[in-house]
Each structure stands twice: as C-alpha cells, then as structure tokens.
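One structure, as structure tokens, below. Some questions next.
All chains are identified by letter, namely A, B, C and D, in their written order; residue positions are counted from 1 within each chain.
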Amino acid sequence: MSVQAPAPPVEPVHESPSHHEPQTSGFFHFLRTYVFSVDHKMIGRQYLFTGLAMALVGGLLAYIIRHQLAYPGQAVLGHHPISADNYNAMITMHGTIMVFWVAMPILIGAFGNFLIPLMIGADDMAFPRLNMLSYWTFFLSTVVLVASFFVPGGAAASGWTAYPSLSVNGIPANQLGQALWVLAVALEFASMLIGGINYLTTPLNMRVAGMSLFRMPIFVWMQMAATLIFMLSVGPLIGGAVLLLFDVLFQTGVYLPDKGGDPLLWQHLFWFFGHPEVYVIFLPAIGIVGEIIPVFARKPLFGYKPIVYSTIVAGFLSFLVWAHHQFISGLDPRLAMPFSITTILISVPFAIVLFSMIATFWRGSIEFTTAMLFAIGMIAEFLVGGTTGIINGSAAADIYVHDTYYIVGHFHYTLFPAVFYGTFAGLYYWWPKMFGRRLDERLGKIHFWGTTLFFNMTFIPMLLMGIGGHQRRIFDPRVFTYTAPMHNLHLIATFGLYGLLLYQLPFVIAFVKGLVGKRTAERNPWNAATLEWHAPSPPGHGNFDQEFEVHRGPYEYSHPGSEKDFLPQWLPTTN
Amino acid sequence: MHLQIETLKPAEHHEHPNYVLVYGALLALLVVSILLGRLPNAYAMNALVFTVAGIKAILVLRYFMHVKFEPWLVVFILAGATFFLVVLFIGVAPDVVGGGGWIRK
Amino acid sequence: MTAIAHPVPVLRRQPPIIPSGRLGMWWFLSSEIVTFGGVVVSYILLRLVHPDWLHHSAHTLLSAGAINTVVLLTSSLTVVLAHRAAEHHDCCTARRFLSISFGLGVMFLCVKAFEYHHELSHGLTPRTAAFWGFYYTMTGLHGLHVIAGLIAMLYLILGARNPKVLGRVAPVGLYWHFVDIVWIFLFPLLYVTAH
Amino acid sequence: MFRWLPENISTFGHDIDGIMYLIYYVVGVWFLLAEGILIYFALRYRRRAGVAAAYAPAKTLRPMLWVLIPASLVLMCDLAIDAKGSPAWEKIKRDIPAHDCLVRVEARQFAWNFRHAGPDGVLDTADDVVTSGQLHVPVNKVVKFELVSKDVIHSFWAPNLRLKQDVVPGRAITGWFEPTRTGTFGIGCAELCGTGHGVMGATLIVQSQSDFDNWLKK
C-alpha cells in the first residue's frame, strides 16, 4: 500500500433516497407519492393492501372448498356446484395464493419494508428504486396469477406443489393455466429476490450511529435471516420452474420418465426451497411477536443473543431437511433416516426461541392489548403446529399420516398462526405508526377471540380426520368407505371456517375506521423503546425529524434505577 | 451530510493486480481445457476439464472481482451458496442418479 | 397517508461494511449462484444417468463456444480496466473500455444467435430431447443476463461524465464478471465434455 | 385422539402405531407444559397497580439455563424418537422378507389394476390373474407388491395396512405387507393425480389361503 494512495474511487456508499428528488406537483406528484413511490413506507403499504386483497381471494377459495366438503355437489352460495376440476384448481390456488401472495408480501414485503429502515434509524432502504421495482414485479405476478383463473381450461389444478408429470401432461385441458402459474410464481420469486437485496443490505449499511448489530431489534434479525434463507434456497426452484415451463410448453421431458427425465427431480428442487420457505414465513412472524411481547410485558426480551444464534442455526438446518416431504414419494429409503433426524433436530433451536419468548412473560407486567393477545395466541397456536409436526418428521410414522388431513391440519397450525396471528398482531401494534390512527381495541378483542375459537374449530377436526386415514385433496368424502363416516368432522370444520371468516368482519370494520378520519396517534402510543417510535406517526419522507443516536439495546424496559419504566434507544444516558 | 456521495476509507484501497497477466492465464487455461477435452478416458477428461474451469473461476473471482480484497463476509456469502449447492447435489443424487434403488422402467 | 413535510435531519451512520452498491450486488450474485447452480446440478445428475445424451450434445458447436469464451474473457478484462480507470477519475478511458466491453457483449450475442439458428435449422429444438431443454434453458438464462449486463453498461457509458454514475462501474463489473464465470462453467458442461 | 385410528390389520402396523403413540405422549407432555406455563405466566403476571416488572434480560448463562436445560431435554426426546423410529422404518421399507405371494399394482388415471401372480408365483405368465379395483391377498402371508404407474404419480394408500407409497412413473417401487385378518378394506389414492383423484379407489380383499387359491384358479 503506497503512501500516495490513488484518489479515492467515486463509489456512492449509499444510494440517495427518494426525498432528495425535486418534489413535482399535481398528477405526477400523486403518481410519485401513491403509485410509483420509492418511499419504503408507501411500498410497504402497497404490499400490505395487495397481500390483504389476495387473502380475501384465498379465503373465498377456502370457503368454497370447505362448503364442497361439507355438502358435496350442492350449490355453493354465490357459486354453482363445483366440478372435480374446479375443486383441484381451487385447492391449488388456495395454497399458492396463501403462501406466495399473502404470507410473503405481508410479512416480508409489508412489515419488512415499512419497519426495517425505521427500526435501524435509516431514512429509506439502501436501493429505493429497486424497492419500487420489487413491488411492481410482484404486482405483475399477481395480475398473471389472477388472470390464470379466466383462461380456457381454468387455473392450474395440479396442487400448489405442481408435481410433474401431472402438471406437465396430466390435465391436458389445463396447460395454459399451468404455464401461467409457473410464470406467476417465477415472477413472484424474482420480485422477492429484488426486495431481498434491500432487506439484507439496508440493515448492514444504513444503521444510525450507535446501532451496532446486536442493538438491532429482533425483528430486523428475523427479517435478515428469512431473506437470506429465501435467497439461498429459491434459486434451484427458479431454474427448475423454467425447465418445468419448457416441459409444459414443449414437452421437453426433463421431468418426464418416458423422455429420460425424472419427476422426483422436481420434488427435490421444489422442497429444497419449499421447506426453507416455511421458515421464511415463520421467522418474520416470530420477529413481530418478539417486538410486541417486551413492550406489553414491560420486560427485556429474555435471551436476545441466544434467540439470534438459534435462528441462525435453525436457518442453516432448514437447508438439510427438505426430503422429509418425500418420505413416501419413492425416495431412496437410505435417505429417510438422515433427513428424519435433521428434521426432528430442528425442533431444538426453535424450542430455544419459543421458550425464550415464554420466559419473557415471567415476572412481567402484562397488558392484554389486542396486539399482545395475538402475540400470545401466535405462540400458543404455533406450539400445536410445531408439536404435531414431529409425527410427520418421524419417517415411519409419516408413512401413515403423509398426504392425509393430518398434514393439512399440521401445516395450517404452523402457517395460520405465523401468517395471520403474526400479521394481526403487527397491524394492531404498528397501525398508529403506519396510518397515524389506532385500530379499535374493542373490535380487536372480538376479532381475536372469534378468530381463535373458530380457527381451532376448523383445524382440530382435520387432525382427527387425518388420524382416521382421510387422504387430502379428494373432493367428495363420501366416495371412500373409510372417509364417509367422518362427514360430521367435515361439517364441524366447515362451520368453523364460516365462523372464522365471519369474525374477520370486526377487523375489516376496524381496518376501515383506521384509514379514515383525523390522525390522532401520538409518536409513541405504547411507550416502546425501539427507534420507529421516535419518528412522527406516520413518518414523512426521510422518516425522522430530529437528530439522534442510539445509546442502548432495543428492550430496556423496567430498568432498575431509571425513573420511567423504559429507556428508549434514542435517549442519551444521563449520568 | 450522509446522503452525499461519501468516498471510501483509505483501508478500502488496494493495488490493482496485473489484469493482462490474469487474462493471459485465462486464455491459456481455455486452450488447455479444449485440449483436455480430447482425452480418451471420460472420467479423467471430465475431472480435469472441470478442475480447469474451477481454476479459471477462482482467477476471475480473486483478481477481476477483487474478492481477494473484500471482507470475509463476501467470501462467506459465496462459500455458503456453493455449500448449499453441494448439499442439494448430495441429497438428490441417490434418487435421480441411483433411481432410489428401485428398478427403472 | 400523505407524507408530513418536515426537515430531514443529518444522521450519523455506522460505517458501512463495503459500499452498498457492491454489497447488494454480492447478495444478488449469491442468489444467482444457486439459480444457475440448481440448473447445472439437475443437468449433471440427469447426464450421469444418460450417457446416450452424447448423441445430442455432440451437435453443439465447440468452435463457437470457444470463440464466445474468448469474447467474454476479453470483455471481463476491459471491464476491470474500465473499473481501474474510473477509480482514477479517468472517465474517457473508462468509457472507452466500457464501449469495447459493450461491443464484445453484442458480439457474444451474435455468435449465440448464429448457434441457435444453426441448431434450430437442424431440428434441434427443445422438443427434441431433455438435453436440448437444458441447453436452451442454460444458454437462454445466460443470454438474458448478458442482455441485462449490456443495458447496465450502456447506462454507464452514457453517464460516464457523471462521477456518481461512473461509480457504479464496480457493481456492474462484478455482475459482468459473474456472467463470465457462468459461461466458464457452461462451456465445459455443454461443449467440451459433451463431445 | 387415536381412537380415530382405523383397525390395524398388518404386521408392521403396530410399529407405526407404537411410534405415533410414543410421539403423541412425549410431545403431548411438552405441549401441555409449554401451554400451561405460557397461560399461567400470562395470568399470574398480568398488569397490577404498583407491581413493576422484573428486569431480566438474561445476558448471562445462568438465567439462560431456564431455557437451555429444557431445550436440551427436548434434544434427548428427539433422539429417543429417532431411535424408536429408525428400526421401524428399516423393517418396513428396507429388509423386505421372503414373500409367499406376488402382485403388481398398476395405477393409471383413475383406477387401480392388480396383476396377481398365479400358482407359479411369477408375474407376466399365462396364469396371472388381472383384476381392476380388487386386490386379493391371502391372510397371514407376506405379500410382495410392485407399484408401477402408466401416467402420473399416484399413491397406494391402504389405511388398515398402515401402508402408503407413491407410485412413480418410470420406477417400479417394491414393498411388502402381511395382513393379519380376513375381510374387505378400502384402498385409495393419496397423491393428487388429476380430475378423478377423488374417486380413485379400490378394495382390498383378504382371504383365507384356501379361498385365495380357489379364487386364483377361477
């Protein structure tokens, strides 16, 4: 290294954020602010609204599916009696939409976008334009997916896993819908990859002075872990999807045995991503819960660093377990035990995370706001999902429960708490920051108890049906001698779903009320210590309106010797 | 202010390697790999050709992409991605190559 | 939801690990590694099962592949030279090197187009066999990446006078070298060992 | 929960049920503990006037033991479950015993065809008996089956046999079972296989050896 080092490179350390562009006026101002905005908060809201809209579609599909199972062949309210093909298309799209168009856009796209820069004291994402590109790619993928309902032959009907050769040539009338499905999914992945660059770069490079990595809120860690898992696991499926598209369009035969291909290859590529995807969804949700519990228990998060480390371990393990989705798929029997062991081992890091969350309640001063209720509910319900999963993880037991309603019940008990309890908890908690108003707590409590009651009423029967040997994805339970007697369980589950959907109305009302009227929310309605509560509600362009630095960790609640029961990260130490 | 283009810390500076030399090496390796492709023994041929490809890739990474001068995080990212690819290969090979031990029809 | 207009304070930052442009590009490339890697892994696995693919793969044009390798390697050299020039604030040299790389990229696409034409005219379409499915997927994905790289380079060439734009030569260079590395592996996979 | 389990009529069914019971009870205890503690804490430490929360960030190892010790116990249970599960898997999937009876299951959209090896005990000979939708097997005999698919992936699913195995085109997947009582039982397809997936059923008819032999002769 010479002393006369060459002139420093003119390489921008940070992209210049949106609010430094000249504010145009009139129609273009509207476009820039609400439509093609580069402001991470607006993009977060766009993701939120798109995701919730798709949740309505997914919920409607669930309603039709459940109605068909309870009253096979009878006209669904607002829908003619559905055919077997309709039914297959609906379960396919229900799964696809709920995982890729609801869970990821809301938990990562919406909350990640809105909160990461605020929580680390940045004025925006590292690449605001990429951020906008990410949303509009996602929007395009949504359009393609919804369009696939209306093409000749209808939407894809080969299951959300799209196993070849069914997806390639098993439903001849369905080629176009299947091709659009692959295209939409590939676009969605592309959008999440583009977004992921931001979610990983921003927390590493844009943190305000004093915000060391281990002073970041747990939510940011969880977002980074989820994004990293996603970016390192989705690639093979993107490549595999292109190959599948070639198979669907040209009968290339990469997955067709008679052409020298192998259908199991797709299953491996799919689940190599598909299992980590579960954690991509779960981690942001547990991150949200980890933000809410300390605030309403007025206690520091119990074991912040162990939680971070366990998350990293779990993220690593999540790449070594994918074949447990294939125990009976013709997998090499020698592979089953290794994958079974890694699968069951992954319960250890998650046990640490969940136990730490529970330990945070110990000797707390717990206030049961709606957000807190949903946070507790998320942990309580997810425990059901996690524990029921062990039976699927044990290869021998999985022989029996695989592809039965047991697995349907199990993954709904993991994904529903993560996606919906997590989202609701986050919305009731951060709504003041997002929209400057509070969500109605009274409606919120009705929403929570109704949701919890009917969620369990919907899915406990499914676990029982699975134990009874009821395989999934059949559109008329009366056909099989061993499924027919379980019709009453189907009825209970269906009524459960009716109630579940019905009890989303309080939320819808609170949601609308929360969007209109005067902004009354103060900066820090919950007396929380993390940085997003230091910004105005809602924050303007550039987020913060006063200078500050970070002086401590994110969860300094009830600190002995501090007059207030919480020490915000931005408060200078006075001693 | 932080939004203006900041220039890099002096620590970021590094001597530029002799790029033309690296380029020459890459071309030479290209010729080598084409020649190796003519080997009669398929196993040796594949092994050697892909070894050469690996060397070429490492040359580009180290000298053209300056991984040599990047922090450990970058190496970690790349190594991680490659590691999971190896995991994928090991996990899938018994099924797709070995046919899962079943008779192929 | 309208943004409340308020002055944006000047916040001090933690020092960045490396400039965001480069860090973001590294994250992107890590996902690109697994994307191309996934297809390559699938291809290798199926080819181990099907020695008979040699009948198909023998039809790829080794010479064209070799020429394209030279082209891409050269373009990588010129890009890294442009990067060095940019670090020395020598925007004219940088732009000259970038233009050469751009030309080489276009040349690569022309050779690729010639190959495609040659194969398609001999009836070697994706319908022919799984091998050609892989061939067109891999080279097609790679070709798309080349096009994207060319667009980025054009943006650099046109904006070379603006130091901020020229500063982006680092991430764009990383991307271009990665596209080069992908080809370094596709060449033996689809040409050398396939004959 | 497990009173919903259908009657088990296969020799290895007990192993599978046994593991399910083991996991059910082991995990059940953990589940009740966790839920109980969670709810107890939530109620016991609800906000009260004048009662402040404790400051417990658990920055050191000692308090973390409250989490790490249970977690390590979870690890123990995991290993126990694996130890119990592994031999069952080996028994069912890998060491296939000598068979008394051979049958090829041919799945296609959307029906099950069964090719029973005749008295000569080998398949694809003149005396094979081919049926559609009816699988005949003798009781208390090891039946070896071979699963082949004409089109897409199906899954051979006989709940009473505790037997499920995907039928993959391009592979002939083999397995075995030994029915322990006579009777007729349901068979279904457990992998989405297209329009008729929901009606792709068959009947398993377990007969005494003599009835089975007579049926083969006819």
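Heads up, the rule we're going with is that contacts are C-beta pairs under 8 Å (C-beta built on N, C-alpha and C of every residue); 3 or more make two chains touch, one makes a residue touch a chain.
Just so it is clear, the model here is predicted, and its values are computed rather than measured.
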Dominant chain pairing [most C-beta pairs in contact]: A-D
Centre-to-centre distance between chain B and chain A (centres being mean Cα positions), rounded to whole Å: 34
Separation of chain C from chain D, taking each centre as the mean of its C-alpha atoms, in whole Å: 48
Intercentroid distance (Cα basis), chain D paired with chain B, Å: 44
For chain C, residues that touch 2 or more chains besides their own: 10-13, 17, 19, 27, 30-31, 33-34, 37-38, 41-42, 45-46, 49, 163-164, 167
Chain A: positions in contact with at least two other chains: 6, 9-14, 123, 232-233, 236, 257, 262, 264-265, 272, 330, 333-334
Two or more partner chains touched - positions in chain B: 2, 5, 8, 12, 80-81, 84, 88, 92, 96, 99-100, 102, 105
Touching chain combinations (by label order): A-B, A-C, A-D, B-C, B-D
Chain C-touching residues of chain B, taken from the complex the two chains share: 1-2, 5, 8-9, 12, 16, 19-20, 22-23, 26-27, 30, 33-34, 36-37, 45-46, 49-50, 52-53, 56-57, 60-61, 63-65, 70-71, 73-74, 77-78, 80-82, 84-85, 88-89, 92-93, 96-97, 99
Chain A residues touching chain B - in the complex, by the definition given at the top: 1-2, 5-6, 8-14, 16-17, 20, 123, 232-233, 236, 257, 262, 264-265, 268, 272, 319-320, 322-323, 330-335, 339
Residue ranges of chain C in contact with chain B within the complex: 10-13, 15, 17-19, 26-27, 29-31, 33-34, 37-38, 41-42, 44-46, 48-49, 62, 66, 69-70, 73-74, 76-77, 79-81, 84, 163-164, 167, 173-174, 177-178, 180-181, 184-185, 187-188, 192-193, 195
Residues of chain C touching chain A in the complex: 1-14, 16-17, 19-24, 27-28, 30-39, 41-42, 45-46, 49-50, 52-53, 86-89, 125-127, 129-130, 132-134, 136-137, 140-141, 163-164, 166-168, 170
Complex contacts: residues of chain D adjacent to chain A: 1-2, 4-6, 15-16, 19-20, 23-24, 27-28, 30-31, 34-35, 37-39, 41-42, 45-48, 51-59, 63-64, 66-68, 70-72, 74-75, 78, 81-82, 85-86, 88-89, 92-94, 109, 151-153, 155, 157, 159-160, 162-166, 168-171, 173, 185-186, 188-199, 201
